[in-house]
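Below you'll find the structure I mean.
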Amino acid sequence: MSDFGRSGVVRRTIPRADAAAIERLGRYGVATVHEAQGRTGLMKPWMRPAWPGAAVCGTAVTVLAQPGDNWMLHVAAEVLKPGDIVVIAVTAENDDGMFGDLLATSYRARGGVGLVSDAGVRDARTLAEMKFPVWSRAINARGTVKATVGSVNVPIVCGGMLVHPGDAILGDDDGVVVVPREKVAEVADAADAREKKEEANRKRLAAGELGLDIYGMRDALAKAGLKYLD
Amino acid sequence: MSDFGRSGVVRRTIPRADAAAIERLGRYGVATVHEAQGRTGLMKPWMRPAWPGAAVCGTAVTVLAQPGDNWMLHVAAEVLKPGDIVVIAVTAENDDGMFGDLLATSYRARGGVGLVSDAGVRDARTLAEMKFPVWSRAINARGTVKATVGSVNVPIVCGGMLVHPGDAILGDDDGVVVVPREKVAEVADAADAREKKEEANRKRLAAGELGLDIYGMRDALAKAGLKYLD
Amino acid sequence: MSDFGRSGVVRRTIPRADAAAIERLGRYGVATVHEAQGRTGLMKPWMRPAWPGAAVCGTAVTVLAQPGDNWMLHVAAEVLKPGDIVVIAVTAENDDGMFGDLLATSYRARGGVGLVSDAGVRDARTLAEMKFPVWSRAINARGTVKATVGSVNVPIVCGGMLVHPGDAILGDDDGVVVVPREKVAEVADAADAREKKEEANRKRLAAGELGLDIYGMRDALAKAGLKYLD
Amino acid sequence: MSDFGRSGVVRRTIPRADAAAIERLGRYGVATVHEAQGRTGLMKPWMRPAWPGAAVCGTAVTVLAQPGDNWMLHVAAEVLKPGDIVVIAVTAENDDGMFGDLLATSYRARGGVGLVSDAGVRDARTLAEMKFPVWSRAINARGTVKATVGSVNVPIVCGGMLVHPGDAILGDDDGVVVVPREKVAEVADAADAREKKEEANRKRLAAGELGLDIYGMRDALAKAGLKYLD
Amino acid sequence: MSDFGRSGVVRRTIPRADAAAIERLGRYGVATVHEAQGRTGLMKPWMRPAWPGAAVCGTAVTVLAQPGDNWMLHVAAEVLKPGDIVVIAVTAENDDGMFGDLLATSYRARGGVGLVSDAGVRDARTLAEMKFPVWSRAINARGTVKATVGSVNVPIVCGGMLVHPGDAILGDDDGVVVVPREKVAEVADAADAREKKEEANRKRLAAGELGLDIYGMRDALAKAGLKYLD
Amino acid sequence: MSDFGRSGVVRRTIPRADAAAIERLGRYGVATVHEAQGRTGLMKPWMRPAWPGAAVCGTAVTVLAQPGDNWMLHVAAEVLKPGDIVVIAVTAENDDGMFGDLLATSYRARGGVGLVSDAGVRDARTLAEMKFPVWSRAINARGTVKATVGSVNVPIVCGGMLVHPGDAILGDDDGVVVVPREKVAEVADAADAREKKEEANRKRLAAGELGLDIYGMRDALAKAGLKYLD
């Protein structure tokens, strides 16, 4: 953790979550994965997709940027590997549009598959047309300067959640969840088990059975003092 | 009103707004119905559809839940009748995702036609694909526990508006409006009259006539002191 | 500026930005134009399109309204010229739905091509179906009265930005930008130059070249103290 | 509940919570009373005192006002009885300063002992000097008109909480809590019991004993799986 | 208005509101002056005093700053005249603490009597001890750089309100109001008249007379349809 | 960092920042220390003191709590050492009043000197009378349950900032800053140097010298293109 908050540092080489595990994790939704890892890792609900249907799973390349300054986003492009998602923290609350279609073009050309920003993004329409998955705190045309250095691939806090370089990032319409690098396979297993159980329950619920019976809740409700009146 | 705020109570049998009146009310938009009942009954503007185009009219089954606890949503499933909309209040401000595709499947199987939540919902994409109409304060993957009892079918405050079990609930892209159970037919009549008048005015406006003339505003404006400069 | 804040005044005749320049400006996005005029003129990010894809460029007819009162919006209809966009300020923070499909029908019939409101709008679905471009602070079914006069075609502050009657207004998914009447041609030129440069860079970025090299940033980063670790 | 949302009605005579019970309730803090009535009745945390140290207990005279219109606050003055607190709801979100030192002077002269407003108040400094207890959503110099009637002494929703005329209202630095008229004595008893228990615990805690031991939590924590590491 | 939004300009010499008129205006509260100039000129309610009791009246020296950059605040110090209040706008929403006790010391030494900032301030405790009147959107220790030029003494939008250099600025616990330079004497007269009328009414209200009678509202209320029930 | 996000763990023994260094750090304000450590470590501006003048410096004992559940705050009491400040994160956004005068009494008896909470606190008046320093996101009477375990002395994110057990926590009217445990002496040195420099500058500024001259800004401003007009 000694890099936390360090400014002016670019780490070129980072360990990344295993690609096969990332692929498996990407089969599940954010809600399922958040549950599968014990309700941890979810970014705050202000983190919203820039276009409906955006969904991706990849490995985090982190950026610590100054508010209103997107210089480090260009620096990050050089260290991208295929399957990476750029995750941006800013050192003060800010919603300037620090990412748009030009950077999306660059990231995609270098293997990048998505972006998560604790600030704003712009060119929302073009991002949707490009189908480049983006989550952010705001959509905002306001541009940024390139004046002060930040860092790339240091631990950051984004969406209220700690993100280490190489962690798995999964986003969809429900938000963004972070899975620690070394736990991706384990969480994918848990998500798979959960999904199978849910699938079975979904059929029973669709047939009109009640959760009260499927999950055996009636006794616990009675013990908790729930009273039925007619 | 003696149930207000009571916890741990499920009322199985409630009077519901008349089904034929509900069907008629459902032909109009939220803005029209809100006007038709004298600009009352509208929930606060934070109550937004989970997917664009969501629109439904039904009868309220109310839930008073603890924040972060969706136990009572399973209890509510058992008392649903065809045409019901589950309306959720929480006892403290909270935007956890207490409703998702499994409960939507269950509610639909039991006759439920929609959901309005003063907290969050999740599985937004699946809800859209299911075309299950949902309005909420937030979309949030964060899950909930099943630990503390609340109540079902007691009066609640949802979206800043008092809702009694059996009231009519109408939602569309403009928000959600509540119509008291015994007034549904009367409000549908008023909405119909308003719509007819608006339709006539729409044609005149589309032809280039001015609202100033159609509504006869010129005198009132002059009396109010409005001055024209060239 | 002597009209600023005057109430009860309608200016029928205003100078408008040149139509040919408006047409040229409308070929560019809000982000590009905001940059092209030196990062000025952008409304606050709370100003959002009522439907995705809304995009328009036109000349401002300004309205200063009382909160919860849309009387002046009818007055404005009469002074519209083809290509005008109605821009609304309210004298206190308010998100009532003061504009809907009837006024959109009227404005369109009189040549109006869009609306920007620092309050709320309603009939969101119908506005989308009509493809009438609208930006606002909120979508809200809540209606308004016609009781107090305001002004038409006085300078206003909307979305945190000063707008004079006749200024160019450009909106898209990224927000709304104001261009002073007399600068439209000059800003369109600058936007064109910027777009051409961006287009060239987009191709190089798409081919995998780095912004670091295209924009020649490496020296400046080194001077600013950026350090690379392996 | 048939008055709910009715506009244009003033109820002169209302049943009020018992004065002796009100006096007893006023000995406790908002946090204690909220607990004593089973964690119900607390207004949302946006309801804040206009000056630090404001504290009062009284009976509710309710006002349903139009946003930006304080006409009904003058109407309410006439129906005040000694010990009353005026509680204001507005029909749309609004923070205009609809109450100031003149109305405070009038209310005090007529027996009023406080005010709770879901909108704004002004003359904050003078209210503090007068020591007139006020809670509101905002402090805002912006004034209001006297143009549209509302109602006095109908049930309202204020601070997200249902308030009936005659209910007990208790406010202090922690916020505002509503106690239903017929439960005031019972809740005062419960608050008294709670306070006595807390007083005993406070002494033990001040002496260095742990809540873990006083409340016997160690077993439950172990059962819940809490693990201690050195 | 041709300077609006210009960056990189310092106007040394500005016309200022008349000092005697400023002194007279300063005898009244913000709420009174806002009323006296027809309910215009009030900044948004997010503009709050940094310490309770802050109150001042002076002439505006305006600053247009970049977010997170307080360079121009030093530039402003040089053009201050006795009785000036520095009023800051930032080109994007930002709450960094761009003003603290050192600048307050400098401003006071140069004749400055207060500060109004659409961003944040810091050293709140010291400002209170110095009794230097400050209003801002936020209190925030976060510091700023000195890297990009803005402007001094151009028209700005601060707190949602247009401010010209030399306008009168009046602040107290209720917020901040702007009075155009050339209207200060006239508004002070109107405030004086209003205050006198209010003083007379205050006495009558304190004696228990009702506003309903003093202001003769009973007929208008009856005409508006208000009904009394017993 | 392996404990991050772990639930159900209490670490009894933690390394703490050096007591003498903490004492030295406590001589400076939050703004100074935030600058002295290179503008890092500052919590978000929503973290406000519960009473004006609250100021303290100590070592962090961290708590990760469930929203609406203050069980772990009792667990934390047992591991407090003299000079500790309890720092609370919650696993979802929440502003329930999870800390009040009883816990403050207990913490003080065990050596605790303050509290920082990313949720709400209550008993605000009593906390002020006790002069127990508290910072929080909200003041809210709403109480909490004791139902689900969290953790004590694991790394947490509070106020948007990463906090490790044993880190230095400094709070005053300007907010709260975190200093990593091993850097406290170094940061105190830097704060001291900064303070000395500021003290010298304060005298020159108070004598009427300009920052423009003291900091030698004139050349840089001219190079940046600043123009003076008369």
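Descriptive notes on the structure:
Which chain is which? They are A, B, C, D, E and F, in the order written, and residues in each are numbered from 1.
Basically, a residue touches a chain if its C-beta (ideal position, glycine included) is under 8 Å from a C-beta of that chain, and two chains touch if they have at least 3 such contacts.
Note that the structure is a prediction, hence the values are computed from the model and not measured.
Under the contact definition stated at the top, the chains bordering both subunit A and subunit D are B, C, E, F.
Contact with both subunit B and subunit F is made by A, D. Residue-number overlap of contact pairs with B-F passes half for only one option from C-D, C-E or B-D: C-D.
Interface note: subunit D and subunit E, two copies of one sequence, contact each other through mostly non-matching residue numbers (shared numbers fall below half of all numbers used). For the pair subunit E and subunit F, the distance between C-alpha centroids works out to 31 Å. Averaged Cα coordinates give subunit B a centre that lies 42 Å from the centre of subunit E. Each chain gets a centre from the mean of its Cα atoms; for subunit A and subunit F, those two points are 28 Å apart. In subunit C, the residues that touch at least two other chains are 39, 45, 93, 95, 142, 148. Under the touch rule stated earlier, the contacting chain pairs are A-B, A-C, A-E, A-F, B-C, B-D, B-F, C-D, C-E, D-E, D-F, E-F. Note for the complex: subunit A touches subunit E at residues 66-68, 92-96, 142, 145, 147-148.
Within the complex, the subunit E residues that touch subunit D are 29-31, 34-35, 39, 42, 45, 48, 52-53, 55, 172-175, 177, 198, 201-202, 205-208, 210-212, 215, 217, 220-221, 224-230.
If you check the complex, the residues on subunit E that touch subunit F are 8-13, 51, 71, 74-75, 77-78, 95, 97, 100-103, 105-106, 108-110, 120, 122-126, 128, 138-143, 146, 148-149.
Touching subunit D in their complex are the following residues of subunit B: 1, 4-5, 7, 38-41, 44-45, 91, 93, 155, 157, 160-162, 164, 180.
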